[in-house]
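Questions regarding the structure given below will be posed in turn.
Chain IDs A, B and C follow the sequence of writing; residue 1 opens each chain.
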Amino acid sequence: MLARTADNIYWVSRYLERADFLARLIEASNRISALPTTYAAKQDEWTSVLIASGADETFPKHFDVANEANVIAYLAFDPRNLSSIRSCIEFARTNARAVRTALTVEMWEHINSAWIKLKAFEQRHSDPTAIDREALIGFLDFVKETSSLYDGFGYRTMLRNDIYYFARLGVSLERADNTARVLDVKYQLLLPEHEPLGGSVDYFQWSAILRSVSALTAYHWVYRESIKPWNVADLLILRQEMPRSLIHCTSEVVRWLDAIGNQYGRHGNAQRQARAIQRKLENASIKEIFQSGLHEFVDGFITENNGLANAIAEQYLLG
Amino acid sequence: MSQGFFDEMTNGATDPRAIYSGVADWLRAAPPEILDARREQAELLFRKIGITFAVYGDKEAAERLIPFDIIPRLLGADEWARLEAGLIQRVKALNMFLTDIYGRQEVLKAGIIPPDLVFRNECYRPEMQGHRAPHDIWTHIAGIDIVRVDDEDFYVLEDNCRTPSGVSYMLENREMMMRLLPGLFAGHAVLPVDNYPDNLLASLRSAAPPHCADDPRIVILTPGQFNSAYYEHSFLADKLGVELVEGRDLTVRDDIVYMKTTEGEKRVDVIYRRVDDDFIDPLVFRPDSVLGAAGLMGAYLAGNVTLANAPGAGVADDKAVYTYMPDIIRFYLGEEPKLKNVATWRCREQDALKYVLEHLSELVVKEVNGSGGYGMLVGPHASKEQIETFRQKLLSDPDGFIAQPTLSLSTCPTSFQGGVAPRHVDLRPFVLSGADGVRIVPGGLTRVALKEGSLVVNSSQGGGTKDTWVLATNAK
Amino acid sequence: MRARVTLQIEVAFSEPVRSANTLLRLTPRSFDSLHVLDWFVGVEPVATLRRSEDGYGNLSHSCSHAGPLERIVLTAEGQVETQDAAGVAHGLHEKQPLDLFLRHCHDGPGAEIVDFAKTINGADRLSRLHQLMGALNETIAFAPTDSAPRAAAEVFAEGKGCAREIAQIFVTAARAQNIPARFVSGLLLDGAEGAAFHGWAEAHVENIGWVAFDAALGFCPRDAHLRLAHGVDYWAAAPWRQAFSGYAEPTVETRLKVTAARQASWQTQQ
């Protein structure tokens, strides 16, 4: 397969996964900001959303105030933000279009119609800062559906060969990065000093974190108790059965990289680096992580995960 | 019915021509709603598969559909046989001409064609001088634009020897017709075109360099997804089962071309390139091009890769060279041309220029190097200002223009919202040349000028397409 | 004059590049007023240099490098003997017809240059060419540089350019006068210029043949112009062209060293 084809396929997955994450992040933050002020977060919710989405550096170039309307407009609809939902869907479609014959008809037609719908939405709402909550919810649902359906079509219709492996690899790698980003921004809330004192305002922050990675229900199934911050961290980092946990995503990355390596009969740097990250997570316990610093741990993971992405690019995607 | 035009269905009579009787019956019987419904269905299907093309300079409609007309255009087996023989003859002559121009230049020595026409043309590539294209094939894929004015003769309007496009529409239109009007299709013995991709693959394989006798690796080189014909490039790559590469996917090392894959570099033997000469190699042609691969020309000249079509082939489809095609055919093949040329005034000649300037309002004036219906004056449809602008252009650069009479292009019935009316059509058959001979599938792309009275069929100027049915039965 | 010439082009990339392809036209070819005694072309890091003759008859070399690559050094050196033939270039290896050199330049002649060419109206072709050379020498300020030439029309409008840019204007204007003209790239051996690479034009005159004109310096090349290659325009005759893949800024340093060699000092019996 052409290196560029693999690159395109991998990035379609990454962009759609990122769009999905952004949609969930906005939804969760929306809930928090809708709470009466007495419950409102200690930290500025919309600024932390900007940080989690990596848009905090470019945002001030275009807006004065980080309020709800501006942040949502910038994260969801702004073409100037290269990681806005809109940009992600557009880039995903551009990448898909470049390799349309490597995708199945269902996948291509789905992503193409999603892009057409996106255009229609933009036409209806020419001023993104004036979008009402109802329209926004509709839009976010559409985004989540877009990425789920693309995944689903891929799962149902693709041949299980390198093309499929690269598509899955993109999803897992991006997902790991996204979960780590949320943890990185909200880590203070998870530190032990935040003991729950019945009805703490932090409760809503924790549930928002879980919501942003769609793990609220999963939490209850796994722990069968009310939300405790260390459990949240444990769930999102070390729980193998949690599909968005760092360890699960990394295991998936290892799995798809191995599949690629086996098909080509050659393993390289990317495989080695992925396994190293996996081992580190397998050997970690939440207690140790808290002892040596949650922030440092997550930070280290983000750096290693980015390094892995570079190794993958070097080994397969740049040719 | 329009006056004075050959209508391919009726030929001016009340009863249709024999081959069109089936279509005429169907048109009479089908309620207008059915036609409308089928047309909408076709558009929906085309949009869904994403058969779009980009129009340069039109940002809003960056991805547009070419309108598709559901009424087929018919040719009899006898008509096709004549046309096919003429196409083979013409493409043979074009290849021989190119071999000669970049070789011994006998045609110039014999005084058949003025040398300055060849050498001052930007499409003549001095870099190719003295080089023999593999198997002496320069234009592996040619699109010859054909028009009719009566039920006898076929005229060549233009030769396209560089990167002619449209073949995906020929194939998709056929699929569409079989899906939308299966009854009508089954009622006619239509010769198939769907072996075109196989023919193309066979032609490209045969043109491979000698080092890869058994299994040449073929790729299609596209400028990328923002090119107007990108759909076609990806369509063909898919049908041929070859990689669709961009310049950045290729690397040239020691005169050998490789493509970058997830499993490392793979040697490439044949490149069906849909990138213009100017852009294929920044070391030899335009230095700012990122669409090609540095060193590609070196690999080509070293004989390590075949480029289809060959660099420099464009000098044969120049509109000024066109006027000499009948003589070129006689010179190389010793035969009379089987297809006619449209009478053409070469504005470089004093007398011709004088005539053209006096008759601008009756003539079609074309830029020698223009394409796609740009830079063209259709006298009878032009405003006074447009004619004046062209007069100035002609006076300042007579060499750059040719003029032709306004052809009475034939018409075919064409369907619109709520009705059917005759519209002007042309035909672009695709001629494949390989080391093992010439291949043509029976058919081609029929383009139709959708505006009433319009003679411009180019898709960039509001033209549409039709499926072309070559029947197993004769027209006469 | 007899000279030993050493030319070095050093390309340094700001970031290592993945690959680079290079085309060189750094090998002079002997003709009546130039005798190449010995000549060598080299590249560092070492790579196969493939020698060929291009469509004009110029000698060219090409090479490719796989990365990561931080710098490339190209070297051309040798000994040549030149003679003053008042610009007349006889005995060249010709592969292209005159008509090619009447072609409009790639970016069109530009209205200003055409208008300018119209003001040249000497009695015969040779005097018109001299007039053109003089006029350009007066109008366009000569500012030597080794960076890639800009389009003729742009340089003409600015009224300032390097030798190669001025040569392009000469070629364009001569063609506008319907005189076959071509671009020549080469080196200046007497070091009068602040750049290693030089460029001039050749125009075709009936009964004489190709005559060289250097509008930047204002005279017909004598024995200090070392001719490397000719072509329909600058790019076709460029002494070197390179493309690389990777995100890097190249910095190019060109060094030219010329040492005049002694004439053969012993005369022998004829």
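Methods note: a contact is a pair of C-beta atoms (placed from the backbone, for glycine too) under 8 Å apart; a residue touches a chain by one contact, two chains touch by 3 or more.
Bear in mind the structure is a predicted one, so any value in this text is a computation, not a measurement.
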item	value
Chain contact graph, described as a line, ring, star, complete graph or other shape	line
Farthest-lying chain, centroid of Cα atoms versus that of chain C	A
Computed distance of Cα centres, chain C from chain A, in Å	57
Distance from chain C to chain B - Cα centre to Cα centre, in angstrom	40
Interchain centroid distance [CA atoms averaged], chain A/chain B, Å	48
Numbers and ranges of chain B residues touching at least 2 other chains	248, 251
Residues of chain A touching at least two other chains	318
Chain B partner contacts - residues on chain A that touch it in the complex	1-6, 94, 97-98, 100-101, 108-109, 112-113, 162, 166, 260, 264, 266, 316-319
Touch list for chain B against partner chain A, complex	48-50, 224-225, 234, 237-238, 243-246, 248-249, 251, 259-263, 265
Of all residues in chain B, those that touch chain C in their complex	115-116, 118-122, 124-130, 248, 251-255, 282-284, 286-287, 294-295, 298, 301-302
List of chain C residues in touch with chain B within their complex	19, 21-23, 48, 50, 52, 54-56, 62, 64, 66, 95-97, 99-100, 102-104, 106, 148, 231-232, 235-236, 241-245
